[in-house]
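The structure that follows is given in the form of structure tokens.
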Amino acid sequence: MPAADPINCADYERLAEELLEPGAHGYFAGGAGDERTLRDNVEAFRRWRLVPRVLVDVSQVSTATTVLGTEISLPVVVAPVAFQRMANEGGEPAMARAAAGAGTVMCLSTIATSRPSEVAAAAPGGHRWMQLYCFKDREVTEAIVAEAVESGFEAIALTVDAPWIGPRERDLRSGFQVPAEIDVPAVAAATGSDGPVSVTDVFDLIDPSLDWDDLARLVESYEIPIILKGVAAADDAERAAECGVAGIIVSNHGGRQLDSAIATIDAVGDVADAAGDRVEVFLDGGVRRGTDVVTALARGARAVLVGRPALWGLAARGEDGARHVLEILRSETALALALCGCPTPADVRGKHVMSIVR
Amino acid sequence: MPAADPINCADYERLAEELLEPGAHGYFAGGAGDERTLRDNVEAFRRWRLVPRVLVDVSQVSTATTVLGTEISLPVVVAPVAFQRMANEGGEPAMARAAAGAGTVMCLSTIATSRPSEVAAAAPGGHRWMQLYCFKDREVTEAIVAEAVESGFEAIALTVDAPWIGPRERDLRSGFQVPAEIDVPAVAAATGSDGPVSVTDVFDLIDPSLDWDDLARLVESYEIPIILKGVAAADDAERAAECGVAGIIVSNHGGRQLDSAIATIDAVGDVADAAGDRVEVFLDGGVRRGTDVVTALARGARAVLVGRPALWGLAARGEDGARHVLEILRSETALALALCGCPTPADVRGKHVMSIVR
Amino acid sequence: MPAADPINCADYERLAEELLEPGAHGYFAGGAGDERTLRDNVEAFRRWRLVPRVLVDVSQVSTATTVLGTEISLPVVVAPVAFQRMANEGGEPAMARAAAGAGTVMCLSTIATSRPSEVAAAAPGGHRWMQLYCFKDREVTEAIVAEAVESGFEAIALTVDAPWIGPRERDLRSGFQVPAEIDVPAVAAATGSDGPVSVTDVFDLIDPSLDWDDLARLVESYEIPIILKGVAAADDAERAAECGVAGIIVSNHGGRQLDSAIATIDAVGDVADAAGDRVEVFLDGGVRRGTDVVTALARGARAVLVGRPALWGLAARGEDGARHVLEILRSETALALALCGCPTPADVRGKHVMSIVR
Amino acid sequence: MPAADPINCADYERLAEELLEPGAHGYFAGGAGDERTLRDNVEAFRRWRLVPRVLVDVSQVSTATTVLGTEISLPVVVAPVAFQRMANEGGEPAMARAAAGAGTVMCLSTIATSRPSEVAAAAPGGHRWMQLYCFKDREVTEAIVAEAVESGFEAIALTVDAPWIGPRERDLRSGFQVPAEIDVPAVAAATGSDGPVSVTDVFDLIDPSLDWDDLARLVESYEIPIILKGVAAADDAERAAECGVAGIIVSNHGGRQLDSAIATIDAVGDVADAAGDRVEVFLDGGVRRGTDVVTALARGARAVLVGRPALWGLAARGEDGARHVLEILRSETALALALCGCPTPADVRGKHVMSIVR
């Protein structure tokens, strides 16, 4: 029963489902296989409880923090989501303006429907990370990185949980393709074709041989820091830290790659412990409320990424909708911080959560 | 399928839902956010089991105990609930008579629809605590406390889990306001207006900067003991004890403030352990049966508070209904004590419960 | 979808529900309060799993065992159930013949609708225990015991979990009474009236002051062994053993007394450990399958009691139905023993079960 | 909502249910008793989560492994399922061709509707194991083994979890029998009759006295290795290893024998630990996805067996359907391996899974 005016992320989710073409909705909403991990990312947050502290002066609460040294106004970053023009004609530029308006980072997908330079131009004052799939064609890959660097993107979020395409059965059943009239510049550059793009086309471009040695080389060669996206295990976090990454995103690709993979909130604690002070750890997946944000902070995340919620905002109401989703999450996070007795994100500790099953 | 005559708290809950105006019902029944904690307060009791003892002489069972030295006839205190005239024209005076009739304490809300002196006059023989929101306007706050002290209230239950307003989405969607014809004296005193009151208006008055130092000063300055309401963590209980509070109410504000907060029955054990013999610990939230009362005692509570059950009684049948709810809880508690082999509340021990999940 | 011919206990449960008058069905089927324990007795078995052993010669499997030295053909005893004539005109004599026919013990309720001597006469070759409520009127109580002893009953099953009447809300709502035309001899003897009997009438007779000293005296004075019925805790089992009881029945009165009480299969392990070799331990409550019987044995029970399943058999098809239920349980138990690699009940060990939650 | 073209095992399950005669479907789909174990075999996989590793070169992923030294192209073996001609007229020969085509082993049931020699002739290049029920009539048993050996079967999978027939209530209610026109050669040989076969007829033939000494003798006497099928406990695995078996199949007979038996994925870890390097351990039961296969490997299985999924394929589309099911499982397994960072089955370790309940 969404109000005429949406007041939470779930309202936007329902609005978006009503508005989107079914195939496109299935692409954005769906997950791999039986969608166990898709659901568990959200449900696992319900196995954790907040343990608030009281009698702290919370007349001034700030949600501001930094990620990789960049000041952001809330510990929520916009996750990379492909093909955003399919959700709203404003596409990635609209999302970039929404993120900039909300005072946070937007992470642009390699397989966006706008070029990095266009996105940068749309929100010149904003902060941006470039999500990167390392293509087999390293020239195209380097061109993408170069354009991102030149356009002022501040980090590369290298996705490593997608060396193979996840089994997205909704897409298989709907025959999903990106509509022919929507361009995907990186794919066009890599294939030399601008016909309609399917997800399989994209994954055919990705280099499945990428390994830790490659990562070490990329860290050396890139002018901007690398964040490793798609990590679930402490030993991988340890190794990533040794390779010199600046950040780790605990993610299972929104439940779209390995079904049955551990929920991000269940994984982030061990990863954060392993990373220690060397590397910033982020959580991506399942965040729908400010209380989820604070739960993630308590388990060791420095900030979270939200993909679908921002996209539902974009789908429902363009830039304003995406911006509104971020503002909802900001005010919910501020409130959760206040009610936990934490005037800032940095005040959140492990003691602020407990599991009800372990 | 409630009988013509309600026989348990759930019957009263259904009756009240039928009788109340939807907006008012939503205000009383609702919780914060997704209402996870609202539900979990009740459901968490189902994760605990009673382990009865037998062959104890239970020909005489007494539910009587003391709270802060005051004798009460059952280990159940009436929790503060705002705006009771909205449930029944008898309002807080009717509730006060119900509590006095049942032989227990009524805790009056700061944002009651009757003044403390009126409530005292309505039930002169009764015992009363005054729930206090510390307003930014300390003069108004002190006037409330002074009136309570003068009217024979025996303790101040200082609420500390509500420095900010909880996100009560039912109210947002219903546009809930207290009807204009119902006065809320404390709010009128603080705002100098007697227009219709919304929950937001109330929270605008509350001082979110209250901290442990303030608490220590209040303990020093007040003539009557302070009970800290809204504690969930052992370290906060420790600190409260050091500040000299007389009691601690483990509460999450009935699931109305921090959604995802730990259920009270899951939190009370650690708090009671930390408080030890120095401070009396009470549980507020989720109690619907006498077996819940005994479970709370076994986890270390000295007594419980019930808010909604008493209110549903008031809504359904005025003073008689509220009194009946308390009598139901008394007889259920007596029975649960008898069947656990505990002639008095003081006989209940940790060994009388076990968790089925941990 | 019960077959024309019932093949398991659940089939008989459904048949009985169709046949019984609703008030009587509610009396037999119902439990205390919210019926949490009623349900949990059954559901808790689903939190335990059998771990079978293989390559044991099971060409000969015997379900026979002994209880208090009496040989029985299956580790299942018929639990005491009141007012059996209300289920079927054959009443307790029919149940006694069913038990004797199946080669096991029938435990007769104090508040049966036939006298002990009638029941003994109905099944002269059978084995019988007498369930005893200790009435305030000790003369009547002793007369019941004397008649039982004289009639060849082999033990007294002293119920100690019912010093007060459980809150059976189905009966409250239905206004349940035993129909006037059905006699309850023990109640008539104690009250001197033979008007229609309610459950409250019965409990008014029971002595709630019975304690461990009384038990010790009864053990001394009775000519036949005492089995203590209604124990859930290890320390009570220890004390019962010291008092010289011959057996302990882990029971929560079929979920009819203390709602929220621990399920019997969750309690029996600790009780059996405490009892050791001194006292035989039985489980009563929730058994619906031969696999449940074997689970109970693995947790330390020597045998189980079944109340409702036998009663549904009696209600559906009189003596033949009750007998059939016992034969179903025998063949299911034999099969479960065989498939666990246990040629006899004595071969079942703790290693044959594990919990999936702890 | 299966697509016109089935894309996963669940699609085939639905197709098969539509196509099969209800009695036959009940026989294949059903389990023992309340079907707790039938369901739990599948559901228990949902209590385990995969913990992927990243940045491993997975440009080359092989699902190939060996079982008892035989190279197979995926760690999935076709489990023995009786009466396959009842699912599809192609029967076991079609299944054998499907398995051979997919590059894996087919395990033929003793109570197949084709002789071992026919099945061998149908897929001469394939690998085959012979499932064996040891009949009371050892001559018939040895004749079956001899035919299997002569026909090139590479191992005997001796079933030991079925000394007695499981209580399959669907069959009892449907009156299931194998249609008279379908031959079951082993049963005909043992009974000397070729009338319609019921499951009871089969179990009447099986020797329930088989024990560890018999096993040791069989291991000595057979020319081909013995795999023990139906083990759930570590101590049995230890003893099997001492007897010289080549493999152990952790199985509960697909939930068709001992209801309430532990799910195979919950049992396999302890069995594999006990078996160590001496004996290969396989898991049979509940596998529906490639992620289930990898979960089983992570818990110590060398490969899994699938019964119903392959049968649903056979029922829906004959040999092609069974083959397609195996190809689906192969590609899902390859993908799960890739996304776990394991180029081969041998790379999967215990660290790749964790339980969410323990």
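By letter and in written order, the chains are A, B, C and D; residue numbering begins at 1 in each of them.
Criterion: contacts are C-beta pairs under 8 Å (C-beta built on N, C-alpha and C of every residue); 3 or more make two chains touch, one makes a residue touch a chain.
All of these numbers come straight from a predicted model, not from anything done at the bench.
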item: Self-contact between copies chain B and chain C, residue sets same or different by half; value: different
item: Approximate Å spacing (C-alpha centroids) for the pair chain A, chain B; value: 42
item: Distance between the centres, which are taken as Cα means, of chain D and chain B, whole angstrom; value: 59
item: Junction residues of chain C - those touching two or more other chains; value: 357
item: Chain contact graph, described as a line, ring, star, complete graph or other shape; value: ring
item: Which pairs of chains touch, using the document's own definition; value: A-B, A-D, B-C, C-D
item: List of chain A residues in touch with chain D within their complex; value: 33-34, 36, 40, 47, 160-161, 163-167, 169, 172-173, 207-212, 214-215, 228, 230-233, 235-236, 239, 252, 257-263, 266-267, 357
item: In the complex, chain D residues that touch chain A; value: 1, 3, 7-8, 10, 45-46, 48-59, 61, 289, 291-292, 295, 332, 335-336, 338-340, 351, 354, 356-357
